[in-house]
Each structure stands twice: as C-alpha cells, then as structure tokens.
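One structure below.
For clarity, chains are labelled A, B and C in written order, and residue numbers in each chain start from 1.
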Amino acid sequence: MTAEVAPQPHAHAPTGEGYLTHERGLKSWLFTLDHKRIGLMYLGSVLLAFLLGGIMALLVRAELLFPGETLMEADTYNQVFTLHGAIMVFLFIIPSIPAALGNFFLPIMLGTKDVAFPRLNLGSFYIYCLGAIVAIVAIVIGHVDTGWTFYTPYSARADSSVIWMTSGAFILGFSSILTGVNFIATVHKMRAPGLHWKRLPLFIWGMYATSVIQVLATPVLAITLFLLMMEKTLTVGIFDPALGGDPVLFQHFFWFYSHPAVYIMILPGMAIVNEVIATFSHRKIFGYMFVAMSSISLALVGFLVWGHHMFTAGMSEYATMVFSALTFLVAIPSGVKVFNWVATLYQGSISFKSPMLYSLGFIALFTIGGLTGLFLGILSVDIHLHDTYFVVAHFHYVMVGGTVFGFVSGLHYWWPKMTGKMYSEKLARVAFVFVFVGFNVTFFSQFVLGSQGMPRRYYDYLDQFQPLHMTSSGGAFILGFGFLIMLFMFVKSLVSGEKAPPNPWSSAGYEWMTTTPIHPHNFAEPPVMTRGPYDYHLCTEEELFPGFPEDFKPSEKAAKA
Amino acid sequence: MAHADHGPKYLAHHFDTPKQQFESAKLGMWLFLAQEILFFSGLFVAYGVFRTWYPESFSVGSHLLDWKMGALNTVVLLFSSFTAAMAVRAAQIGEQTGVPEKDQHKLGGRKWTSIFLIITFFCAAGFMVVKYLEYSHKIHVGTLPGQFFGHPGFDMASVAGAEFYEEMEKAGALAYESGGHATVPFHLRTFFGIYFVMTGLHGIHVLIGMGLLLWILKRNASGEFSAEYNTPVDIFALYWHLVDLIWIFLFPLLYLID
Amino acid sequence: MADAHAHDHDDDYAVHAHITSIRTYVLIFGALLFLTGLTVAAYNIRLGELNLTVAVLIAMVKSSLVGAYFMHLKYDQRFNVLFFVGSLIFVGVFMAYTLNDTDHRGEEGVQGMRVDPATGNFAYGTATVLSETGEFTPFPEAADGDDPQTQPAPSEGDEAEAAQAPDEVDGTIDGDAPRVPAAPIDEMGEQGVEPLDEHGEAHDEQTDDAVAEDAAEEEAVADDAE
C-alpha cells in the first residue's frame, strides 16, 4: 500500500525508443513497473485462458452433438463444463478488459506516466498468476464438478479439491481488487492538467465504474469462498442445513458479488464501444454526460438486484418480488447507452473498419442479451425458464456478444498503437463474419432449446432436442474457426505487418496523440489537455491526419483545396 | 526526460509532487479499507441471519464466552489504537532540531514514533495472548463449531465430556427433558461457528498488522521518515484503526448478548 | 506535467499534515473507554429487546470517534470520507436484503421453505410452529414418521460410545431425579427436539394461514393461537 517507488531504470531512456524496445531481456519484462508491459503480460495470460476455456467449450458442444455418450463420460462432462465456466469467468472475462487493455490505456488516456501504484500493479499481476496456477492445479489433480458457482450444499460435500479451486478464485479476487484500487486512485489523482471530469474519455468512466464494483463487491466473494472453505474444514455450519445453516444464504453471498461482477464484465465492453463508435463515426459522442453517468448508475444499481438469480431457490416470496421489481431498473441505464450509441451513429461519417464491425455487433447482440434478461427478471416467466438453455443463451449473448465482442473490438482498435503494426483488414473482416454468424447460430438455437425446456448443464437429452443441439454445436465450431482466423491474422501482423502510423483511424482520442511506438513514459512531453477526446470540431488537421507525420503537408493540402 | 532534479528522494518518478503522492496513497488506503469493510460484512450478515433465527442459542452462546476477557481485549485494542495515533503524530512532527524549545511539540520525532509503535506492538501481542487463552479453553471444553461441538464421540463419563457438561451447566445452557436427559440448544454450534470465524479472521488481521508494524518500525529506525514524508506510518495506522473498529463491533455482538 | 507550478506554490507541492494535540487524543481515548464501560453496563442492566440496538448504537459512536480523530477523517479529503462511509451503505444493502429474505421464509404458502437436500425433509431454520404445550411440530407431514432432521452420519464408534454414556452425574440443580448428563450432541440432534424457547419469537409472529393450519392439528390450542 505504500506509495513510494524507486526511480525506474528506464527513467533515462534514449529518445525515440518505444516501450517495447528501450529495454530488452526477460528480466526487463518480469520486473517491469511499466503499466504498458504489465498490460501486455495480462493480455497474453487472458488470451491463453480464453484459448483453454474455448477448448473446453468446444468439448462440451462436441459431447452434446448426440444424446447419450459421445465423447466422454458424464462425470468428465461435469468437470469440463465447470472448467469452461470457471476459466472463462475468473481467468478470462473479469481481467480481460480492465487488467489488460485498461491497464495499458488508462494512464495514457489520462496523460500520465503510470498508474498511481506501479508496484501494486505488478503485484496484482503475480497474484493473478498465483491464483491461476492454484486453480489449474486443482483442476488437473482434483475433481471439481460443482460448476463455476460452487453452490452449497453440493460443494460443501464434494471432493476436497474444491477447496483448492475456491482458494484459486479467492486469490484471483484480490488481484481484481488491487487493480480496482489502483485505477480509482489513478483517475482521481493522476489526471493531466486540463483533463477535468467532463473531459474524461468514456473508456475511463467505464473503467472507473468497473473499479468501484471491483473494490466493493469482490471482497464479498472472498468471504463467501472463505466461509465455504471453513465449511469444508471446520464445519462451521453456516451453509450446511444439517448443522442449522442455510444453503440459500450461500447463494445470497455468492450473487452479492457475482451479480455486480456481471457489470465488471460488461461495463468495460461498453466502455470500449464508446471509443470505437465515436472514432469511426467521426463525431462527438451523443449525450456524453448521460453515457458517463449511466456507467456509474449501472455500477450502483447492479448491487440491488442479485436476488434475481435465486427466484426458484427458496427465497421468501416477499424478497423475490422486491428483487424482480428492482431488476427492471437495470434496463434504464443500459437503454440510455444503446440509445446514445445509435444517436451517435446518426448522421456520422461512418467507416466500417473491423473494430467498428465488432462494436456494431456488440450493440445488436447486447440488446438481445439485455432484453432476454428482462424476461428472466419476470417472476412467473423465470419459473419456466430458470436453469434452462434460455439462461445459458441469455448470458452468452451478454458475455460473448457483449464483453468478448467489446474486447475483440478494442483489440483491433488499439492493436496498431500497442504493437506498432497494422493487420490485414481483409482477414479481420472474414474472421468477423465467421465469429458473428457462428455465435448467433450457437446461441440463438439455445434460446429455442431453453424455451422448449432443455435444462442447462445436462449431459443427456431427449431425442427431440437433437436437431437444435446439433445446430448449436455446429455454430460453436464456426465460432471457433472464426477465432482461429483472428489468431492467424494477429500473428501474421506481428510477423510481417506494415508499420503503423500514429493515428491510423484519425481519431481525436488522447491515446492517439502520442507516438507509435509509444514512449516509455507514454508522452515525450507531459501533455496538457485543451479539448475533449471527442471534440472533432476542435481538432487540427494534423491531429487527425491518419498517415505518418512526415507525410503531412498542410500547405499543399490547403493549396489543393 | 530530465529527472535529475525531479524532487526529493522519496518522490516516485511518476508523481509530480509529494502532495500528489501522499494523497494518492491515502486514497488508495481508504479504498482498501472499504474493501476490508465489505470483506467483513459477509460475516456480519451471517451473524444477523442466525441471530434472528436462533436467538436463544446466541444468548446462551454469549454466556459461554467470558465477557471480562472480551472487555479486557477491547481496552487493550483501544489503547493500541491510541498509541498508533500518537505514533503517527510523532512522525508528522518529525525531528525538531533547530526549533526553539517553547515552540516544540511534545512527544514528537523519530524516537517517540518508535516508542509508540513498540507499545502498539505489545498491545497487539497482549490481545493475541488473551485470544489464545480464550481459544484454548474452548478447544478444551469442546465449545467448538459444527461437528466438533461437544467433542462428538467422546464418552460423557470421560474427563472431556464431564468438563463440557460442567461448562454448559455453568452457563445455564442445559434443559432437562422428562426422561431425565439433558439437552443443550442445538444451534450453539452455529454460534461457535460464527464466533470462531469472526474472531479468527479478526485475529489474522491483528497478526498481519503486527508483521506490518515490525516493518514500519524498522524503516522508522533507519531514519526514512520525516515531517515531510511519513506516509507509510500514516497508512499503517489506518489499517490498525480499522482492525480496532471491527473489534468495537465484535465485542458487544458476541460477548454481550442479553 | 506540473513542473511549471510545482515549486512556486508551496501549498500544491508539500504535504501539510494536521497535527492533533495530545489532549484531543487523550480525551478521545477516555471517551472510548467510557463508552466501553457503558456497553458493559447496558448489558448488565439486561435491556432485553433493546440490547442489540443499544450495543450497536454505542459501537457506532465509538467507531465514529476512532474514524474522525484517530483516522483523521475529520481533516481528510472529502472523497475518502464519502467512499468509506458509502461502503457502509453497501453493507446495509447486503444485510437488509438478505434479512428481508431470511426473516420472511415460508411465510406465504409453501414456497420458500428450506429443505435439507440430503433427506428431502424440512430443515432447521424453517419457520417453525410451536404449540402452547411446548411441543415441536416442524410441519405436519414431517412431524409424524421420520425424523425431520437427520444428522450427517456421526463419526465412527459414536453410536456405541453414546450408549455407554449415561454414567450418572449428580444432578445439582434440583436434586429430585438423578440427571443423566447430556448425550453427545449429535445424538440430541437426531431427536429433532428444538430447544423450546428458540422459536418463541417465530411463534408469536406466525399468525397467517399456514400457521393456523398447523395449529389446527393441535386441536386444543388452535383457538388460542388465533
């Protein structure tokens, strides 16, 4: 928690060297305090987790191609979907945007040299690694088949490797909390001169709201998992009905974290969409303050609705009614966002580059995911749909159609700035088509399956569901293929991509004002912000020039005009 | 980047001013403390649920705790909080060489920082000793959580069984049925589950605090802190006060149930 | 980025801590001791229902003192105060919503009763009904037949040892009949006998239909209960 940090070795980096090359060697990465390098290390880790989780997802879908045993035994199947859920949630989605892209761009967009606590930042990365290792060891040597939610009483009686798995999640939680603490302090205390709150990029607002949830909700997950561990070792009897405890209380505890955690996952996705939409519409974002405040209110309202995960769990009817009514509140700020994005597009000069395609995909899919969420918030409808594939489809529309599309959109958008390389736009678009089509085929058929009554997490199913299951599995493989193309495209860019100019999308965003490759201190000269990040009308021609600065000849252009 | 005359040695390179650095550190610590509050909140919620469900077990359970021990520990911890605050004050004043004696603050400077920190450390150690006495007594007589409650499997005629019986009788926890069998409230085990988790987690925080304290003490002894830079002492004390705050609630909620 | 103004305006540059006087600290410590005494005194007066309220109120005053003076919140940045105090609101939400559920379980119809998944029977903590005679009837169908609350299997040898248990210990309370000391608690749980007063409160509050139905089975008391 201490603030003092020794002056870094790269403090006197030769001018002109980017953050990637000014220091070399493994040690310069492992002990780096540079938020950009830490962000990249996070990026590598979460992508690895995404790959693992994705393979698990494909295994699940392959097993479900036919009724009965296809690939694996029922017991293995239970473990595989648990792994898919736990890896995707704890190792991929939650850290994906904040810890990787957020870490990289938050200080740059604030015009500062680093986050407030660089050592804490590196520490949180290693805590993440430790948590990941503990969780994966539990998976490999143990027998974790509780699902990612670890519901009691099953988890309290299941294999003892659940203790290791929950310890892993416990540790990962602290990584998340420390990132949140770091970001809030950075946003409050480290903004460049002239960057007041009303000029803050909406990506920062999204990160800020996310961080508030991380700080306030994640500790409750920690205590929940801690109590579960105590239940398994000391039999404290808080969640065990046989000892006078209450398994539904576990669900309260778990969802007090995990519902806000849904906003930890989706708010950063929304935050990226703001930036991308503004850049590729070349327009000031419509209703800036409304969008900013909707992030904050989503973060706060997200704390009031956790009970809608438990309508059929045996809560008192009185409580279910309150939670149901409050759930609809969430639709308001979400609606504000979607409305403002669409309004920003209106009369903008839109260019359909690949980041924009993913962001538009986000808006469409998130809208479907959000609206089906409202169905589930209605008490009577939820009785029918609870724990069916409808729920699975709903949250995949939000988590994959939302967060993953947002993440991928941001990755495409900032790739040239991060790596200094351009990628093949053509391949990116081909990948987008596969991902978009594959995703919808996979999960739309699950909406239908769920409404017909197919329960989630089941290993076997009735013959009547087979065509839809097959469609869904087919879609999953298309989706997987799309991601493979994307992976190929990015690797190709790293190996043989063209050199990227500083501002390839002619964006007015602050992060494009710095050089490519980025200076180790983000900006060669500390910037002073004199305009907002979406003030296209205030930008000079030079600022928006997409090519290399040396190609820019304002006098010639003026002469032509 | 001309960092040669960036500022004093303690100023990290990415901060512009000591004030910015200080305020960032403070804010970061307060965010962390808010996190701690939410961390403990789960225990308080569980406490609330089970106290409303099992009021009698909680009342009896509380009589099985020694409130005098709890009160003693409260006083010890409050005093340690006081000395921690005094340590921060001493560090904020810093060395007063060159200041005329009449203008000097009393009890200021590095020496007094160390003295107050050491007192705080011993208070913390005292707290843990009392905790140890309480725990060992409970483990001995079998007022333990869940399945361990009442040493299941022990013969009641054994020493442990008889001691458990006596302990229950002393607290008025026994009810007699028509058959002559004595029973104790079933949910006492829940009370002790909550008691051990709450005080245990709090105790772990005390231990962590003691570790941090030694580290701060060492840094203070090496002369790292001054009137201009004493942030680590300050934010350590914040942590310590939070540990105290939680105990302020734990004491009446666990030991003093009517 | 702020080099230009950094050294000119000392106030923006250096840290100026507020140094509290020793007197204030001692006074605060004294107040805390006094309030601790007050808590203990309030406990010994046996306030009954009010006990919890008084204890929590005093604890809040104490923690405000610690926060404001020892932790310097009084002189701190407003946002720090806001965030810290704001976090308590979230604790309140957590507590209130959860208790809103657990306090109302099983009040309306049968939805919301807790079932022990191991046995399929109603579990402890379900709102229970006590007859005036002090007999425990968890629920009509659970009451007859099987034990409603079956414990997890006791540890090995438990059963046998328990059988040997009743070595007499002098009943010291009112010495009529020789008392048999408590059997191991696991055994007691198996009897499904709740301590009698435990659910006294629940009983008082249960005035709705479900209760009336249950109570009707206890013929004699049905009228009183209404």
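Following the convention adopted for this analysis, a residue touches a chain if its C-beta (ideal position, glycine included) is under 8 Å from a C-beta of that chain, and two chains touch if they have at least 3 such contacts.
Quick caveat, the model's predicted, so the values are computed rather than measured.
Asks: Grab the C-alpha centre of each chain and report whichever is closest to the global C-alpha centre.
Replies: Chain nearest the overall C-alpha centroid, as shown: A.
Asks: Among the chains, which one keeps its Cα centre farthest from the Cα centre of subunit B?
Replies: Most distant chain from subunit B: A.
Asks: Just how far, in Å, is the C-alpha centre of subunit C from the one of subunit B?
Replies: 20
Asks: For subunit A and subunit B, let me know how many angstrom lie between their CA-based centres, rounded off.
Replies: 36
Asks: Among the residues of subunit B, pick out those that touch two or more other chains and give their numbers.
Replies: 22-23, 27, 31, 34-35, 38, 41-42, 45, 49, 54, 147, 186-187, 189, 229
Asks: By the touch rule stated above, which residues of subunit A touch at least two different other chains?
Replies: Subunit A, residues with two or more chain partners: 112, 188, 216, 220, 244-246, 249, 252.
Asks: Would you please write down the residue numbers of subunit C that are in contact with two or more other chains?
Replies: Answer for subunit C, listing residues that touch two or more other chains: 1-3, 79, 87, 90, 94, 98, 102-103, 124-125, 152.
Asks: Which positions of subunit B touch subunit C when the two form their complex?
Replies: 7, 16-19, 22-23, 26-27, 30-31, 33-35, 37-38, 41-42, 44-45, 48-49, 51-57, 67, 71, 74-75, 78-79, 81-82, 84-86, 89, 92-93, 105-107, 147, 149-157, 161-162, 164-165, 168-169, 174-177, 179-187, 189, 227-230, 234, 237-238, 241, 244-245, 248-249, 251-253, 256-258
Asks: Which bits of subunit C are touching subunit B when the two form their complex?
Replies: Going by the criterion above, the answer is residues 1-3, 6, 12-15, 17, 19-20, 22, 25-26, 28-29, 32-33, 36, 39-40, 42-43, 46-48, 51-52, 55-56, 58-59, 62-63, 66-67, 69-71, 76-77, 79-80, 83-84, 86-88, 90-91, 94-95, 98-99, 102-103, 124-125, 152, 154-155, 157-158, 161, 164-167, 169, 172-173, 177-186, 188-189, 191, 193-198, 200-201.
Asks: Name, in rising order, each residue of subunit C that touches subunit A in their complex.
Replies: The contact residues of subunit C facing subunit A are 1-3, 79, 87, 90, 93-94, 97-98, 100-109, 111-118, 123-125, 149-152.
Asks: Going by the contact rule at the top, pick out the subunit B residues touching subunit A in the complex.
Replies: Interface residues on the subunit B side: 1, 3, 6, 10-15, 20-25, 27-29, 31-32, 34-36, 38-43, 45-46, 49-50, 54, 145-148, 186-187, 189-190, 193-194, 196-197, 201, 229, 231-232, 235, 239.
Asks: What residues on subunit A touch subunit B, complex-wise?
Replies: Those residues of subunit A that touch subunit B are 1-8, 11-13, 112-114, 116-118, 120, 177, 180-182, 184-186, 188-190, 215-220, 222-224, 226-227, 230, 234-238, 240, 243-246, 249, 252-253, 521.
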